[in-house]
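First, the structure itself, so that you have it in front of you.
Letters A, B and C mark the chains in the order given here, with residues in each chain numbered from 1 onward.
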Amino acid sequence: MEAKPRLLTVLDYITAALFLIAVGLVFLYAPLEAVMGNVQRVFYFHVAAGWVGMLSFLVAAIAGVAYLLRGNRKWDTVGLSAVEIGIVFAFINIVTGSIWARPIWNTWWTWDPRLTTATVMELIYIAYLMLRQGIEDPDRRARFGAVYAIVGFLSVPLTFYSARLFRTIHPVVIGTNDPNAQGQFNMTPKMLQTFMFSLLTFTFIFADLLWHRIRVGRLSEKVEQVRLKTLQ
Amino acid sequence: MIEVHRLVKRFGLKTVLRGLDFQVAQGEFVALLGPNGAGKTTFLRILASLSRPSLGEVRIAGYRLPEQAVAVRRRLGVVSHLPLLYGDLTAEENLHFYGRMYGVPGLEKRVAEVLELVGLSARRRDLVRTFSRGMQQRLAIGRAVLHDPEVVLFDEPHTGLDQDACTMLDAVLKEVAARGRTVVMTSHDLARAADLASRFDVLSRGQIRGSVRRGEIQPDELLGFYRQALAQD
Amino acid sequence: MIPVADQRALEVGERQAVRENQLAGFLRALSAVVWKDLSAELRSRELLSAMVVFALLVILVFNFALDLDPATRRQSNITSGVLWVIFTFAGTLGLNRSMAVEKDRGCIDGLLLAPVDRSAIYFGKVLANLIFMLVVEAIVLPVYSLLYNVNLFQAGLLLVTLLGSIGYVAVGTLLATMAVHARTRDVLLPILLFPVVLPVVLSAVKGSTGFLDGLPLNEIRPWLNLLGAYDIIFLAVAFMVFDYVVEE
């Protein structure tokens, strides 16, 4: 059996440390937002989780292309791992978005572009897993997964764009002059630092989880191989 | 005409064909025998260009699979145990459709010829879903030879047919083989295979375990040969 | 012996002939697939009758589920919305059946055995499915017009419906080809299709609403552009990926 790579253990420690620091920054370092109060702190994790959700999709799509072109099963494992992580973080994104929305806009849900796109992404992820689950042949399963990841990934920007042609009440934090956008706030330097650090932390979390999950995938394939050998 | 070297086929982590070697000269009629799960259908699908080899070399009429699959398909006719026919179309319409897919010249005439060959001229305007299994199988053979292929593959063509239908089918099979075509047929039915084929190969656990020509053994020795080939490790 | 210069000309000519042959073969196979689907359907009418009856039933259900007064009912956004819900769901029925026919009798193998480019099969199927969807729409639109006293026969609205249907069928055919292999095939296609086809439905509804409201073309154009872009992108992607979906 493969031993756990040293680098992975180091990554684990770094990620854990980053996370602790990030939490500290969010609750202690970042200033209290004037209008929204403490609930605004959710923002740091909300956006970071959304970022990881999108990053996962990108990785899954790239892995899909790589699998179709090369036929190497390891790309299939990468794609599946990315989707599984994406499902979790997209969900965190949606839930934290809801938590943030309730006190501010007095509603648990709005059909604005970003939230809509996040939900659609989550649904595509789930559909991906359901597709895989229904296919017996492992090679076909990998091929179909790759194709759907690519198709899904390409549809997301179009969904976002089409949802954005509708009006939005989602806070557009990163600079816009849209007068209809309510709930805006400007970020002070301390907030910006906390924000960037959260993004960094979550990226590390993504990489760490992805590596672990790929390892699990490879090990389970090894187990399957050994099992088949003993049967024959 | 058919050359297979060290063919390996894996489905995920499971290996079904393990380094299979197989050669067929032009005009031979090879009966491919073997137990269920031996990989006969998998092998035939690879020869039919419907499935890709995992490793190894496959050549038909000099063209490599899967790279030159289109060239191979032009020269290939396949009959599987599913009829590959459209129930809501007539026999004639089915043949017309496939004729157009294959770009068969002089289609009208050719369709009439083929219907005559398989003995279904009288039923040309009937919907395929009203056909018995035997008739569907015969029409399927018609579909397979419509474009006059050099190589014809049959996957257990006698499945589900009664005695009369089998006899009719054999007549058509012999006719098809008579034109100098190369035929590979998988079968469970040793007696029928003995009647039709010029060579018998045994496929078991992913490899060819034995091969014998028609003249080399007596028909009643075929079963013994088959059992012996399977018993080898 | 043919002089060298003539030889090269011959090769060019031959290559040209081969290219033309390939295109001719491609179109021939494509039209054969379309003709086959239409003929079979004309004879059995199973698919179309299922889609049309389903669509009419959905109109019925909506009538009572959304119990609106006539004025509200005739609002453009309600009309567009209901229409596209109908098309979306009836469309899935058609797609499922169309691919199931190929899979169940092994006919897909028959198609794959033909010495033609796989994409001819894909485009043939897309065209046939599109025709089925357009036929259903051609029946639903007049019925809806009569029932609710709205004029749905405007060029703009018909254009939007066409563009939307193309996008829907382009992705739907690809996904249906995959879904048909799964055990849960009937339920799986909508699950796979709807999240991905959302931009089409959204744009088609907004575009239709725009035309019904008589908005200036400038305001509707973004939706038309989006539909056009979606259609082109996904036809291209499906064309590239279809081989991988049908191979083994």
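Just so we're on the same page, a contact is a pair of C-beta atoms (placed from the backbone, for glycine too) under 8 Å apart; a residue touches a chain by one contact, two chains touch by 3 or more.
Note that the structure is predicted; figures quoted are calculated from it, not measured.
By that same contact rule, can you tell me which chains touch subunit B and subunit C alike?
Where subunit B and subunit C share a partner, that partner set is A.
Does A-C or A-B have the larger number of C-beta pairs in contact?
A-C
Could you say which chain's mean Cα position falls nearest to the mean Cα position of the entire protein shown?
C
Tell me which chain's centre, taken as the mean of its C-alpha atoms, is farthest from subunit C.
B
What whole-number Å value describes the gap between the mean CA coordinates of subunit B and subunit C?
Roughly 36 Å separates the two chain centres.
Per the centroid of Cα atoms for each chain, what is the distance between subunit A and subunit C, given in Å?
It comes to 32 Å between the two C-alpha centres.
So how far apart, in whole Å, are subunit A and subunit B when each is placed at the average of its C-alpha atoms?
It comes to 50 Å between the two C-alpha centres.
Specify, in ascending order, the residues of subunit A that touch 2 or more different other chains.
Within subunit A, the residues that touch at least two other chains are 139.
Residues of subunit B touching 2+ other chains?
There are none in subunit B.
If I count partner chains per residue in subunit C, which residues reach a count of at least 2?
247-248
Would you pull the subunit A residues touching subunit C in the complex into a rising list?
Touching subunit C: residues 68, 120, 123-124, 126-127, 130-131, 133-135, 139-140, 143-144, 146-148, 150-152, 154-155, 158-159, 161-163, 165-166 of subunit A.
What residues on subunit A touch subunit B, complex-wise?
137-139, 221, 224-225, 228
Which subunit B residues qualify as touching subunit C in the complex?
It comes out as residues 45, 48-52, 70-71, 73-74, 76, 78, 80, 82-89, 93, 97-98, 100-103, 127, 143.
Please name which positions on subunit C make contact with subunit A in the complex.
171, 174-175, 178-179, 181-185, 188, 191-192, 194-199, 202-203, 206, 222-223, 226, 229-230, 233-234, 237-238, 241, 244-245, 247-248
Enumerate the contact residues on subunit B facing subunit A in the complex.
11-14
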